[in-house]
Amino acid sequence: MEQFINISYIVASVLFIFGIKMLGSADTARKGNALSAGGMLLAIVVTLLKQGIVDFPMIAIGLLIGAVIGGFWAKKVQMTGMPELVALFNGFGGLASVMVGWAEFQRISASGVAGTAVTYTAIVLAVLIGGITFTGSLIAYLKLSGKMGGKATTFGGQKLLNLLLFVILVIAGIITSMNGNYGAFIAVLFVALLLGVLGVIPIGGGDMPVVIALLNSLSGLAASAAGFAINNNVLVVAGCLVGASGLILSTIMCKAMNRTLGNVLFGSFGAAAGGGAGAKVEGEMKPVSVQDAYYVLEAAQSVVFVPGYGMAVAQAQHAVKELGEILEKNGAEVRHAIHPVAGRMPGHMNVLLAEADVPYEQLTEMDDVNPIMSTVDVAIVIGANDVVNPAAVEDETSPIYGMPIINVHEAKTVFALKRGEGAGFSGLVNTLFFRPSTRMLYGDAKETVTSLIAEFKD
Amino acid sequence: MELFAPLEKEEIETRCALDPVSAQKLIKLGLTVKVESGLGNCSGYKDADYTSVGAEVISDRNSGLASADIVCRVSKPEAAEITQLKEGALHVSFLDPFNEAALLDSFVTQKVKAVSLEMMPRTTLAQKMDALSSQANLAGYTAVSLAAEKMLKIFPMMMTPAGTISPAKVFIVGIGVAGLQAIATAKRLGARVTAFDIRPEALEQAESLGAKALRIDLGGETGGTSQGYAKELTPEQIEKQGLEQAKVCAQSDVVITTAKVFGRKSPVLIKKDTVDSMQRGSIIIDLAAESGGNVEGTVLGEEVVTENGVRIFGYANMEGRVPQVATQVLASNFYNFVEHFWDKESKTLKTDPEDEILKGCLITDNGEIIHERFKK
Amino acid sequence: MEIILLLFVFVLAAFLGFELISKVPSQLHTPLMSGSNAISGITIVGALLASGHQDFGGMAKWFGFVGLILATINVVGGYLVTDRMLGMFKSKK
Amino acid sequence: MELFAPLEKEEIETRCALDPVSAQKLIKLGLTVKVESGLGNCSGYKDADYTSVGAEVISDRNSGLASADIVCRVSKPEAAEITQLKEGALHVSFLDPFNEAALLDSFVTQKVKAVSLEMMPRTTLAQKMDALSSQANLAGYTAVSLAAEKMLKIFPMMMTPAGTISPAKVFIVGIGVAGLQAIATAKRLGARVTAFDIRPEALEQAESLGAKALRIDLGGETGGTSQGYAKELTPEQIEKQGLEQAKVCAQSDVVITTAKVFGRKSPVLIKKDTVDSMQRGSIIIDLAAESGGNVEGTVLGEEVVTENGVRIFGYANMEGRVPQVATQVLASNFYNFVEHFWDKESKTLKTDPEDEILKGCLITDNGEIIHERFKK
Amino acid sequence: MEQFINISYIVASVLFIFGIKMLGSADTARKGNALSAGGMLLAIVVTLLKQGIVDFPMIAIGLLIGAVIGGFWAKKVQMTGMPELVALFNGFGGLASVMVGWAEFQRISASGVAGTAVTYTAIVLAVLIGGITFTGSLIAYLKLSGKMGGKATTFGGQKLLNLLLFVILVIAGIITSMNGNYGAFIAVLFVALLLGVLGVIPIGGGDMPVVIALLNSLSGLAASAAGFAINNNVLVVAGCLVGASGLILSTIMCKAMNRTLGNVLFGSFGAAAGGGAGAKVEGEMKPVSVQDAYYVLEAAQSVVFVPGYGMAVAQAQHAVKELGEILEKNGAEVRHAIHPVAGRMPGHMNVLLAEADVPYEQLTEMDDVNPIMSTVDVAIVIGANDVVNPAAVEDETSPIYGMPIINVHEAKTVFALKRGEGAGFSGLVNTLFFRPSTRMLYGDAKETVTSLIAEFKD
Amino acid sequence: MEIILLLFVFVLAAFLGFELISKVPSQLHTPLMSGSNAISGITIVGALLASGHQDFGGMAKWFGFVGLILATINVVGGYLVTDRMLGMFKSKK
């Protein structure tokens, strides 16, 4: 029987593997979810066959209560409320791992025979990670559902407090692992719960989806740790799968926001520290990888291309047209904004874009695109320079002051495609490239656009 | 066998039947090639170009006609010249057989095999000898280049520091070979092109070149004959078509009409009121001028400026405006024709009257009219 | 030895987890998160053992019971919500 | 303020200084706009088009000139007309200031502010008022459309049942604004384009439009001045350049030259022997004809056919062949100029002589020549 | 110590994982190989630390002999001889697994205590798979090195013999697993060796690379089985990694030859059976997936595009041009062969391809491309029909008989892109689509080409 | 239990193996084959045990010895040949 159960666990794990894989692509996602649910059912059923499982009434009641609550909430929730519900569920999962760890700890304590260091360590990890997951998810839930201010909350001495808690945690953790001291165990639990709160409070509501993905990864790890504690392989495998894939997912989500994970998690601390000093700094040209640019574009709703002489030099027009088509298929609104002096002859861009068969309808004049620029998610500047130089509208001393430009600097994100630090025809420095919302995609424009296309095509 | 290409006599004809390249290929095949002196003058070739490839340049037209087994020329011959031909000789040219019954009779009398280029079947196999196609193609191109040169505006769109120049709007009526090439050329130059034809498959073809197809529901039966030529429309259909077209014309800078119905006078597709609704300075090129014109007001061979400043060009022989290539492809058609029926062993033409292609284009043979449609 | 093999399993699962997710279209970020959240409810197996196994008694059992309820909510709710999300996603397309 | 656009007097001039659209924009700005009756005749506009946007159409040229604060016109004025202008008025037109010292003196005497369109600085900021650019652009386009219409062959490649028609070979000498547009247009039509310029950056620009750049190592110093105009070459450099160019010319169907050196007679780039080496029927369009021509044998305003059948077109006012757009962009340049210096409050022009643009193009003011290069 | 060894095994496995992953991409392949070699070294060294390892001299001698022989061959071999050497090495690996299994079997027999069924089964599998690998690889080696005829060899009764051997195998295997009978064990070994020979002999020399990849996968599985037999996790993991990745690799290699694995392995049987009958059959239109087409194109050295009216309808010219560029970058020679009557007007294809900026140099006339057609790896027919209809040269009764066509039917592989069964302008049936070398890529030409491009961009 | 965990390890490794190889450029087919062939020489660990372990004696030891030699050839030769192939491949590019 034990063999059978364990083989079933293997099957369940395989179902989880397929489930996760299929969830990653639109066509198969729903079936993937069903598969993984099947795996879960299998794991639950065969567990009930385990030798030594006796208290079926208790189990039945527990399952029933849980299923009713979970089912009810899941059915009732509005589309808009789903993310916060997921956060809540995730928190419960974390707490469940805490409970499993705690129960095992109790069992060992009660049995009188001391557990091994490995088991204790596993229990500590399960409780620690599970605890953080629980309160962290709860805060995320509160923020998302508006029951708590969505803004990033920081307070003085927070860093110090965190440090203190960390020290306590390490000491208590070590003590527990060594000899299963109950007090230390409770200390770990307590600190974990606190850390979850403190960790999530400073993060703004807009970043919550990433945080939930990360907490989700953590709850997987907590389950995995619980698996080590009770020596159960399906817990280890399924938990670890979730842990790893969740981590990747949160990274991907960060990239789609043009952020890093570190920036999301600890960004507000930096902000708190560096705040106050409002001086306008020059900044630097921040390069971005094609892959990261892809994640941003993939999530963009409106995109404006701004071609310039560099597009002509690179002969990138066909690639640009294709990228435009792909973005449109992906659901974005695509425009090509042509500045009257772009290129080196009147109508330079028109010739090229007509050659690439960009429909005339997508060609937008400067005066038409500027008013909507602030609603644009991404402006892609392709080898243009002078025609997007904000100095023309901002810097009275600039030789091009007074020339109307395409105001890409108002777009949410700007990707500037250039080969290097080269100036435009007029030889002026362009402050656009130094702005916080601008990212540089260095390299020949055609190659860059082609690699962007490649990213879209998997 | 001897092949002779006489000088074209019509004033307007800038093309000729043979260029040096095809002459050379014919000679390689085993023919003796004679051309009348001055043949290539208008299309950019000198007599020396012909002699250098081995053709004989002769000044005596009459002897050339009399001794030739094959006579190739562009335009139909004068009746008088037919009588000079050898009995059993092959005469290949445009003939306008529906309107030139007398000419056909001369061929019969003289027992000359007359091939009408117009009657070349429009099959895949015969396409290499299809002079109507090869010439219509160039007519389509020259129509656009003429329009570009005559227009007060330009074709492409330009967003310039001095404002945006909008692209020219071009409307092509009749999407045969000429219409398609006109679409392609106008598109290349950057115009917005709309196109119309009564044959639905032609609309798809226009779209395959990037034009916008104007789809008008004419009701009733329309479409092409099995030969690929258009059927004649009922008056009501023409009426309705005119209405829809007028709307497009009013907005167009250039209108090019190419609709011929084979063997008849071309239909008038653009009425005077439509022309009057067009903008000052816009241009109409009527490629059907020679067969009567698709536009009311077209005068063959001339530019007409209407009261409201619309210019209608009814020039004849449009393909002749690029005579060098027109001659090149036409000569190639002649060569392909000869080559197709050439018998290598006997070094003669094998003209099996049951052949599908000959059935289509051979009008007279052995002293009688053998073509189904012209039999009396 | 057993713990080592568990560790082995853990490492392989981690690699597999990383390999499985490569490029997820942004519309699927939330459902994927939600779906894998449901999987993380696998801790339910632990809770089942803790609440129903004869080895566990007293407090431990009750901890297990609470854990079972919570994990069940996570599992049942998680799968259902994910399915709903994916359903909408499809009809939207 | 009052702005007046007189009729162009030169026979060849088909453009004019104002189109209705720009007239309307000027009126919106707060100016009173007067145009001489018949102004837009050649470029496709009727007097009614002007009145309908609020401009005043007057027949009395003299009163118009006398009362205007700003006079806009295309070609340089007759000296007599300058004396009719109001003191302190602004006169904007092409002036050819290097060759028309007498005209400048008239402006000085009359205390008129004369702006020479030729002298507009070639900076990014001034580009919207740069009439040389806006017109050269169209000249480049018309050069190609003229060539297409005149050629015996066609531009694009066609692989047809009647043989392959090879693409026309086009050679563009001088890759300024006109050269670039010529490249673009020829490429669009399907030609193989080679281009040459002495400025290396211009070669890159040609390549950015898909042309093949002819790179000749001329040795010594070459390149553009800070203003973007070409420097004059030494005789040896011209020699070497000629040699390399001759090779390309010999294979080209169309050669278009655009090389002007500002303020001087244009360099002769294509010598007679080069022309003689070209093929019968090939075409040369010399866009520099007005300033002397880049080609030996160019005759201003005419088509010259050489002995070996090469046709050299030295037409003047090429941009005037598309007068409607030429007028549109030129008028837009005028408007942009006025708008740039317009003071909304006082509804007058703010002409700060320290302004970089005015420094470049304002020749006379307050009864003296203030431009550095023309000061005596 | 045991813990340490096992953890080192985990590390070694991780190195193998990275190694295999990196071997799959050109930039990292060499480093990947080094990493995996490092993993191997680690595994060997820590094994020597194992408790109970005593006979170091023996080990030293074995390692020395093996290293000298392996190193010498590896250094000496010519570039052209490498594949067969790999086959040989692989055979040795298989035989080594046999030996390990046999040694374990001996040990158990000698110890007097009967082994478990699981252990015996594992031993049987190790010996079986290892044995097949050994002789199979040997035959592959002989065929590749020319020491044996490269042709597929079949003989009458082969099928019967195979069946017989299979029955013996099953019976002997079961007996061995039940009670460790030595005789049965030897029978298994013997049959395995024979099966290896019989399995590979009927396969032609051209298919050997696929066979080696497959045998390589088997030798991995043999190692994995040996791991089960001696209860060693690194053997299980590394062997299984090789087994799985090798299987995928052989599938990929098959696709690159436009074959299936089954066809490669058992193709000659079919040929033998269906041979003789030389009647010209009509055949059927065989569709191919875009992915499989990709594998063929990826391996092609020369590609000819043949556009027709369908390319114009689909407006696929830009995509075609891009695919051409990609193929060129991939090392193939690319031509666009234009038939004079392709499309619906003279020069139709020229307009489109010029719009897409296909260089004039790549446009090839029919008369220039036909002579080299038989050397072309892949001809891609894009919405052309009449102009590639072999009836024009073969079928005197055809209305288009006598028209020169582009002889794509002479190319090694033809991919025909069409939407369905539609005829061309002339309405004729085209036998090209029914030929064995032709595969249909159904769908709108632009979409098909775009998906092909997507395949190339990963 | 141990055998089950080994099986688990096996299954996970199989999935990982499938996921690792997706699209290999055709020039790399042979090196990849050769490189993974070298890895399959991991059976050398088994041979080491068989030839050097005290538990093994008599015939078994000698089988192990033969296995050791063969596996070593596979490992050493395999890695070297792969490296040579990849070296040429690079210089060719």
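In order of appearance the chains are A, B, C, D, E and F, and numbering begins at 1 in each one.
Throughout what follows, a residue touches a chain if its C-beta (ideal position, glycine included) is under 8 Å from a C-beta of that chain, and two chains touch if they have at least 3 such contacts.
Note that this is a predicted model, so its numbers are computed, not measured.
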Check every other chain and keep only those touching both chain A and chain C; list them.
E, F
For the two copies chain F and chain C, is the contact made of the same residues on each side, with over half of the numbers shared, or of different residues?
same
Averaging over Cα atoms per chain, report the distance between chain B and chain C in Å.
76
Per the C-alpha means, the centres of chain A and chain F lie apart by a whole-Å value of 38
For chain D versus chain E, what separation do you get between their C-alpha means, in angstrom?
66
For chain F, write out the residues touching at least two other chains, lowest number first.
1-2, 5-6, 8-9, 12-13, 15-16, 20
Give the residues of chain E touching no fewer than two other chains, as numbers and ranges.
13, 17, 233, 237, 315, 340-341, 346-347, 351, 354-355, 357, 458
Numbers and ranges of chain D residues touching at least 2 other chains:
127-128, 133-134, 137, 156, 158, 160-163, 165, 188, 190, 210, 329
Pairs of chains in contact (touch as defined earlier), listed by label:
A-B, A-C, A-D, A-E, A-F, B-D, B-E, C-E, C-F, D-E, E-F
Touching residues (chain side chain B, partner chain D) in the complex:
43-44, 46, 127-128, 130, 133-134, 137-138, 141, 145-146, 148-149, 151-154, 156, 158, 160-163, 165, 185, 188-190, 280-281, 309, 321-325, 328-330, 332-333, 336
Can you list the residues on chain A that touch chain D in the complex?
309, 312-313, 315, 340-341, 343-348, 351-352, 354-355, 386, 399-403, 425-426
Write out the stretch or stretches of chain B touching chain A in their complex.
156-165, 167, 190, 192, 210
Going by the contact rule set out above, which residues of chain F touch chain E in the complex?
2-3, 6, 9-10, 13-18, 20-61, 63-90, 93
Chain C - residues contacting chain E, complex
1, 4-5, 7-8, 11-12, 15
